[in-house]
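Mind having a look at this structure? Questions to follow.
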Amino acid sequence: MKALLFFVIIPLAAAFLCALAGRRIKYFSDVIVNLSSLILLLLALNVGPLAAAHQVSVYKLAGWMPPFGISLVLDGLSSFMLVVVNLVAFLVMVYAIRYMQEYTDKWKFHALFMLMLAGMNGVVISGDLFNLYIFLEVASIAGYALVAFGVEAEDLEASFKYAIMGSLASIFILMGIGLLYSYTSTLNMADISSVLSEKQPGMLITLVSVLFLTGFGLKTALVPFHSWLPDAHSSAPAPVSATLSGVFIKTVGVYALSRVFFNILGAPPKVLFILMVLGVVSMVVGAVLAIVQDDIKRMFAYSSISQVGYIIFALGIGTPLAILGGLFHLFNHACFKSLLFLNAGAIEYSCGTRSLNKLGGVGAKMPVTGAAGFLGAMSISGIPPFAGFWSKLIIIVASLQAGYFGFALIAVLVSIITLAYYLKFQTFAFLGRLDVAFREIKEVPLSMKFSMVVLAGICVAAGLLLLPEFRNFLKMASDVLLSGAAYKDAVFGAIR
Amino acid sequence: MSLYFLCFVLFCVGLYCVLRKRNIIKIIIGLGIIEYAVNLFIILIGYRTQGRAPILDNKQEILNMVDPLPQAMVLTTIVIGLALTALVVSLAVRIYEKYGTFDITKIRRLKG
Amino acid sequence: MELHIILLFMIFGAIVAVETRDLISSVIALSAVGLGLSLAFLILKAPNLAITQLVVEILCVIILIRGTINKDLPLVRDGRWLFNTIATFLFIACFLVFAFFALKELPNFGEPLMRVSQGYIADGLAKSGAVNLVTAITLNFRGYDALAEAAVLFAGVIGVLAVTRKTGKSHER
Amino acid sequence: MKDNQKGMTLIVKTTTRLLFGLILIYGIYIVLNGHLAPGGGFAGGLIIALSFIQLLLAFGREPTLEKMNINRSLYLSAIGIIAFLVSMSLVLLGSGFAARLIPLCDIAVALMVSAGIFAIFLALILSSEIKEGK
């Protein structure tokens, strides 16, 4: 299982090489970064069958036994997340070849992006709680800097807000880790879980849960803690927003949250209920606020809050079907939200504005962008043949099965609101009369088209993941969450 | 126990500063205070009464040594704190250049 | 006992840092808190950390003072100020009361469980070859952490360099 | 004469001249003895960086910038971290000579930290140039 370590080493090496030679040699950083993200994608696709064969495989770093050393754990959930993260990262990198051309010092962008990717991969494969925290910080700090990459006043403001909220979240998480360490005297996740299972649950675990919920909730931008997300995700350059919204909040937020609560703390029912409520609230608030936005990227950012609400809601229900639906929605959302942000970036690249009131009729001039945007918007708002429909359907059916009729009704209503604001986006941006100012606009360059077309293709085809042949990909991931505290036995079994 | 609680009080002083102050530099200072509190807390939980520093000596028997693992953890978090402080201060300096103020209630170009 | 005094000193310093009007004094009060932390590390038998904390403290103060050339803002108490402050205090009080009861479940001060760490102490030297156990842990047993830590610092360096660029877009395609 | 106008007063400059070497050597000592005594690559690297920062604060930025600009220190920092990455990957992938690599790792970290921190500092003072000019 040495391959796992390369998920961290390759992006780190790429980032450091960019810093070393990116300024001197002109296209060096482009080549290095695209090459390494391609390698990572291939590795991620390769590692999936391995996870299927072994259920759980553990790599002991430098040969130390897990409670003493750090172990990397590959199970269904991490291989699923690896595929999502590296797929989006690769496509975003291809897109950024031309898009980031207009920014100065592109190699800094590349280095920071690779550090962020290393952080996300590190979070996903780590089997050690403190190690997870550090990689979360690697990803976050690179993320704060990337949000401010345009160095305009708005970017800096958004980045500052994000940095303060994000580091507050990290500190809460660190406090939780410290308390858990004192209580269990170990840092390995499986080991913590096995120590906790021998003790009576008390006030301390509640305090730890509160700290983790606040911390990861801030990182995920669940509703009481969401204020930073619309600013940060709309001010960043388009490739960065696509990554932040598409995979970042899911890796450091949803993945870490579910790993901690399901596999370490053993999915306590109270926490699940809170997650469900938070999910529903995020769903509603995000959707309602998205309607009134004029800025395209801001609308998408609020839509992210709403859609992540769906995922958290599904995880909170906690039945097998719901978790499957939640993870499927996570995959879909990663694809269509990054597609939509790239699309907004393409519109901004050609037209120079993101305001819905000023745009109009762009679809005629930019057919590929228009078509991709249409597919993404239809998929996210849950129109039948597309992937988004199936994942929302599963979540709603699961909540009906579990007996939460009210929440299911809200989910349906929110889906309708979602359709409404995406139709607004379609009509105002692509359809209608072409403004005089945009007579001269051209379709975006090839590399940008390529990413959008591939992502649109995935949006259409992702529904096939539910077919029995491909279903295992999702099934393995949801099994890990479902097994709850049995995770420790699987990991200990794999060590021996 | 009382030490742990005092550590939490320090944590809350910093939290109050971050939540309620309007000056960017004050917010950064508040974050620094919170970080100190957490670092101190992690070291406190690893302390052993009458313990020795975790540096081995060939001549002496190893007995009663404080827990070295929290120290390794805090070494890492101090570094993270430094990187974060540097980044946030540079953001603050740039914000001052653009807006001419450190007041977060006036730095409101983004709405919603 | 001396730890209590240092902690009270730190809390006092923190309150001064939070409440004082002058930004430079505030930064200096923060550095006093950091000094207290460094002393506490020494008493808690963590000399590695004491050195690192002291050095980082100096650096943080230098960096912060670079950022605080101007004066502090006057305090404005508008309508919602009182409400927000009371809400914050209530929230913090709840948190502290809750923490007070939760902390009782931790092992007592001075008696850590040390399930894992016992292993490091028992054969750290034999397995890693470093006399300083903290170095042995950071660079050997948990070397992966050190790698990530270096990556964090490097991300900070590149981040600062990226943020302090004069212009973001060059307007040429 | 020109030398006296830049930077701080003569007293500070003289003290800095005397102290600079001592602090630098102390930093190097801490780096090299990281596995025996308290300290290690990180603290030592910071002390080295601080010695240069003191030089910069005392003598003003022009003489320093001639010797060391941001790009050059970033370059050094990148070399340090690549060396660290390579040696650490060797350790993590389980090659036998892990123990012997610890001092090397310390030196690489120290190089990376000192150059990186110096780059941060240079970037910060250069960006506040406009503000002081006002």
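Order of writing sets the labels: A, B, C and D. Residues in every chain begin at 1.
We adopt the following convention: contacts are C-beta pairs under 8 Å (C-beta built on N, C-alpha and C of every residue); 3 or more make two chains touch, one makes a residue touch a chain.
These numbers come from a predicted model, not from an experiment.
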{"item": "Subunit C and subunit B - chains in contact with each", "value": "A, D"}
{"item": "Which of A-D and A-B has more C-beta pairs touching across its chains", "value": "A-B"}
{"item": "Chain at maximum distance from subunit D, centres defined as averaged CA atoms", "value": "A"}
{"item": "Inter-centroid spacing, subunit D versus subunit A (mean Cα positions, whole Å)", "value": "37"}
{"item": "For subunit A paired with subunit B, centre-to-centre distance based on mean C-alpha positions, whole Å", "value": "28"}
{"item": "Centre distance in Å when subunit C and subunit D are each reduced to the mean of their C-alpha atoms", "value": "22"}
{"item": "Rounded Å distance, subunit B centre to subunit D centre (Cα mean)", "value": "23"}
{"item": "Touching two or more other chains - residues of subunit B", "value": "45, 53, 55, 69, 75-76, 79-80, 83-84, 86-87, 89-94, 96"}
{"item": "Residue list for subunit A, restricted to those that touch at least two other chains", "value": "12, 16, 19, 61-62, 130, 134, 137, 141, 144-145, 148, 151-152, 156, 159, 182, 187"}
{"item": "In subunit D, residues with contacts to at least two other chains", "value": "37-38, 40, 42, 74, 77, 81, 85, 91-92, 98, 120, 123-124, 127-128, 131"}
{"item": "Subunit B partner contacts - residues on subunit D that touch it in the complex", "value": "37-38, 40, 42, 120, 123-124, 127-128, 130-131"}
{"item": "Subunit B residues within the subunit D interface of the complex", "value": "53, 55, 75, 79, 86, 89-90, 93-94, 96-97"}
{"item": "Complex interface listing, subunit D residues touching subunit C", "value": "30, 34-40, 42-43, 46-47, 49-50, 53, 57, 70, 74, 77, 81, 84-85, 88, 91-92, 98-100, 102, 105-106, 109, 112-113, 116-117, 119-121, 123-128, 131-132"}
{"item": "Touching residues on subunit A, where the partner in the complex is subunit D", "value": "2, 5, 9, 12-13, 16-17, 19-20, 23, 61-63"}
{"item": "Of subunit A, residues touching subunit B in the complex", "value": "130, 134, 137, 141, 144-145, 148, 151-154, 156-160, 163-164, 167-168, 170-171, 174-175, 178, 181-182, 187, 230-231, 234-235, 289, 293, 298"}
